[in-house]
Amino acid sequence: MKASVIGATGFAGAELLRLLEEHPEAELSFITSESSTGENIASMYPHLAKRIEKKLISMQDIDTIAASSDVIFIALPHGHAMKIGKKLRGSKTKIIDLGGDYRFKDYRVFEKWYGVKHEDPDADAVYGLTELFRSEVKKADLVANPGCYTTCSILALSSLLKYGLIKTDGIVVDAKSGTTGAGRGLKLGSLYCSVNENFHAYGISNHRHTPEIEQIYSQMAGKGVVIQFTPHLLPADRGILATCYAKLKDGVTDTQIENAFGNMYADEFFIRLLGKGACPEIKNVRTSNYVDIGWQTDKRTGRIIVMSCLDNLVKGAAGQAIQNMNVMFGMEETAGLRQLPIYP
Amino acid sequence: MKASVIGATGFAGAELLRLLEEHPEAELSFITSESSTGENIASMYPHLAKRIEKKLISMQDIDTIAASSDVIFIALPHGHAMKIGKKLRGSKTKIIDLGGDYRFKDYRVFEKWYGVKHEDPDADAVYGLTELFRSEVKKADLVANPGCYTTCSILALSSLLKYGLIKTDGIVVDAKSGTTGAGRGLKLGSLYCSVNENFHAYGISNHRHTPEIEQIYSQMAGKGVVIQFTPHLLPADRGILATCYAKLKDGVTDTQIENAFGNMYADEFFIRLLGKGACPEIKNVRTSNYVDIGWQTDKRTGRIIVMSCLDNLVKGAAGQAIQNMNVMFGMEETAGLRQLPIYP
Amino acid sequence: MKASVIGATGFAGAELLRLLEEHPEAELSFITSESSTGENIASMYPHLAKRIEKKLISMQDIDTIAASSDVIFIALPHGHAMKIGKKLRGSKTKIIDLGGDYRFKDYRVFEKWYGVKHEDPDADAVYGLTELFRSEVKKADLVANPGCYTTCSILALSSLLKYGLIKTDGIVVDAKSGTTGAGRGLKLGSLYCSVNENFHAYGISNHRHTPEIEQIYSQMAGKGVVIQFTPHLLPADRGILATCYAKLKDGVTDTQIENAFGNMYADEFFIRLLGKGACPEIKNVRTSNYVDIGWQTDKRTGRIIVMSCLDNLVKGAAGQAIQNMNVMFGMEETAGLRQLPIYP
Amino acid sequence: MKASVIGATGFAGAELLRLLEEHPEAELSFITSESSTGENIASMYPHLAKRIEKKLISMQDIDTIAASSDVIFIALPHGHAMKIGKKLRGSKTKIIDLGGDYRFKDYRVFEKWYGVKHEDPDADAVYGLTELFRSEVKKADLVANPGCYTTCSILALSSLLKYGLIKTDGIVVDAKSGTTGAGRGLKLGSLYCSVNENFHAYGISNHRHTPEIEQIYSQMAGKGVVIQFTPHLLPADRGILATCYAKLKDGVTDTQIENAFGNMYADEFFIRLLGKGACPEIKNVRTSNYVDIGWQTDKRTGRIIVMSCLDNLVKGAAGQAIQNMNVMFGMEETAGLRQLPIYP
């Protein structure tokens, strides 16, 4: 198992390096960065010192990279992966893209929300939310790794939608993410003094994870679902909590709800069902590939509130990518991902 | 203006001390604590050293306290103020209660949500959300200072409800508060290592601020309003952000929305309307009595999302209490409260 | 009292604006920024909205600015103030520089540690550590406001040096500062994810505040003092704590120590002596102009450990600058600076 | 390899559980808690859910526990381990104590600094700073795991003392620790609102890690060493940084220093020498068993400043305990401990 990471110097890229280093069967082949070509990754990320002392190369010669890689992870902003995917079509190298390029069944949704033309609209990509699409991932050559907010939101409500326990209109997903979600770019809003002791929403009514969530919600419900999605920035490094509001259909009981979650997730290693009344906490999943889910109903309003949380860099990005790799290559799905959350 | 603080050692009590010390016309009379009677407040709160070096007394002899006080602030858990209010009925001392006892027009709502019998159900208390009920506060002898989440949520949607721009069903208020909101009690959940790098919801579907918000929303709308209210705990000392979701009535325009906010708040010193598309940030109001409000609409869902934020210990507690005092005693409403937010 | 702020968009500049707005006698004349000329300061710092809505101008026409200013505060990196100071020599406008240009009695010390030529070496500047040099400040036209680490370190040991209670060799000052000390520039090391949950030293053995501390220590001791100074970056917005180690001279008693501190500071409004065994905490002075000082002796080692703390943006920068302005213009020294620390 | 944890509900105990779960050869036998006997550890620490669902028992029947354990970890406050150690003398079960009871060669040092009588003064314990005493640990039945500050401070200066490059008088260790170091007890000083945005020293001149550091420094130097040790509380969960000041002997060169560090640590897996001029950062070692060391000299003062950092719960407690277990039982020393630091 030789793996290369395209775009290794962002937070998701560096997290891939960490997880690949801890993977029992993977070996790191190439790592790339256009802005830091020639540098040792450990000089940029000293936490990797003595373990991943590897030079960053350019991704320009992607064919050579592919030739020495069983799998390529792409951890770049949208717009790059579709070029690489197109170029490597037909090669033996499998691709897992952590960006948005291949996440949409209909490339026009991508073009509308991302504002760029899709250069590889006919690609046969599988949406890699592993728990929901494991059998497709198993056969895939190109996996679109889901977004962080997306994974969290989809896992929260998919079972209720699939089993028809909630109404498909009126869904509100109020999500909160740690600051690694904003990336490593030098922005005023990412300074310590801007984030610390602060909290605010952003991207209201137009965040790009909205159509991605809707796509899977719709697939689960068997009909079009439109949601209200609002992200917020938390003064914390890692973690996403999604508070999801939905109207219960008439007469739905707690047992039905419990069963819906159980049917879908009881055998899933990485999903922990905390049950009714439990409020999952980001710190209980942080640094791990786990997703914790709790819920509560409100008789006064007829709603169910489902809360789910995960680490945006692990299950929300690099961890799920490794999970997909494991499935694609027939390895133990949890290989390299069994580390417990670190608390406190 | 002689003021006493009953329950001076909690966070809201200490904040009252700070603000009274900075008030141009108020003088501190008595401060009380049952658990720390006899101690100097500055030994418990060294930030007050050399400025408020005052001994804490017991509140047992409330008549003596009242005799030397033009106003008494009560910063105790619910259940105490109704005893004091009843006892002091008819005295010349005005009362501002920061707890829940007198916040409900119908004492049975209090009894239902707080689970205790009301001992002073006939009191003539005014709900002290100053911007909305200024004229009543002016004449009041007993003011029920609103809750922190409540103030934030009410100010966000009241104008839209009053001017009939949003539907009264389907309102969701997803609120997030800094940790001072959890008080100074020794609880595992309040430890640094429990809160830091963490985030979670609590009190889902049963938080006591729910009926308080509904009471004023209903008053504004002229009909009963039931809401979904969910509080969360932020890894920050101070600040509340409420993200409020409501369905717009058909055909409502941005101008109508702008006007509704403007009509209600344009002349309010402590309310800053950030307008459409703006996302207010906790850090811009922290430590001050300001409330920042922004909003966005979503054509896809027909909703308006209104966000408001304030400092839970200032406008959400002690600051609004001082504001009410100023109004009750005919002083300049902003006296002692003009300090700018401190940033960063 | 008309005041202008040259370099109003950095953290110290913005803090000057806040404090000037709260000053009873000062009025803001001009505010400048070269990179944001023409912008409203409140659009960059929304916490100032509705209070300081003022356009930033260029500092190029400094004569016009001076003509409408009784005092000019310069909050720029070193190298600028000496140009302005030279140009305005002889004008009626007083200058308070928050940078390093005028802090050294011997301009060659500046040139050595800052690596640039001094363009105004003959200026008659007063070192504005108000508590120590109040009478000079009173008569000054040009005040060099001390550095943040400097103020904290000097106030810790000056009394012991002046009264000859400690040895002048072997002094170690281990200092820790909140992240506002690193400024508002876009640096990788200032990102939230770089600072949060982190801690490290920097500038070891060559930080520019070293000669500044030594200059005053030497003046107090009446002989040359060389110190070891090490700054560290704290995961907090504001606050500096200096842990200062010095060898006690033989036979020095606690009473002598107590008296040395008392003689120097007992009448100082902004200095709070916590006494033997007390460990001052940053959070008790944060957002205020106070300095808290505590100390402990160690019989095993013969040392005294003095700890002092202050808010780096207030007493360590803008607050002390206002304090100096008050003294220079014969106003009440505490005017505009009496706000209590905000806790928590 | 069956392992039991006595005192499993403190932070160090829970960290032992996490690391044992990830250990390839260890199996958890018993876990104890006197205050929570009968509870499932995962209900107290939900981050362990689905992985360590084990009931806490009392440690009263220690013989039964020992009978099913190859090794017992004791993670209790001082005073308990010496009772257990005495009782289990001669049993086949090896003991690793994370508390202070067995750390001193001379039990009278323990009695003086801890203020209690030693009940097992003749025990044959080995001080488990693995890198320095590996061969003794290999043969030990009873290992005293070093303190967190201690490990950090000892590793910083031991090589310089051993090779005689620094003077033994005048050493100052200024150390800073994350809040997990204060434990999980309900104390006002451990509340989020007490620690966040705060910083202060504590235990000045009398912290119990002082004699522990001195013991090993003296052993390395071959003569008695007395140090100045000052701990501080950082607003962070994990991590210790020790800034260590020492006078260089005359004529010592950078090469000698480099060699001293290299001779002692170049082959150590868990020690990363960052070299001259480098300032190690807590966040680069956090959650791992690594120790990062950097240093700088100051010609003006003749000093070397050595900085070292580690995760207080891993290399400073549970990680080093596992490392010692590995050595004691002839396993790969890094088994279960190779996880990379998690960044950010």
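For reference, chains read A, B, C and D in written order, and residue numbers begin at 1 within each chain.
Operating definition for what follows: contacts are C-beta pairs under 8 Å (C-beta built on N, C-alpha and C of every residue); 3 or more make two chains touch, one makes a residue touch a chain.
Note that this is a predicted model, so its numbers are computed, not measured.
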Intersection of contact sets, chain A vs chain D, gives B, C
Farthest chain (mean CA position) relative to chain D | B
Centre to centre, by mean C-alpha position, how many angstrom separate chain A and chain B?
-> 39
Averaged-CA centre spacing for the pair chain D and chain B, given as whole angstrom = 46
Rounded Å distance between chain B and chain C, as computed from the means of their C-alpha atoms | 37
Chain B residues counted as touching two or more neighbouring chains | 11, 180, 193-194, 196-197, 235-238, 281, 283, 344
Under the touch definition given earlier, write down the residues of chain A that touch chain D in their complex.
-> 11, 14, 18, 21-22, 45-51, 180, 197, 237-238, 272, 274, 281, 283-285, 287-288, 292, 338-344
Per the touch rule, the chain D residues reaching chain C in their complex are 170, 172, 174, 176, 178, 193-194, 196-202, 204-205, 226-228, 230, 232, 234-239, 241, 243, 245, 279-283, 286, 296-301, 303, 305, 307, 309, 344
Chain D contacts chain B in the complex at 11, 179-180, 184, 186-188, 190-197, 235-237
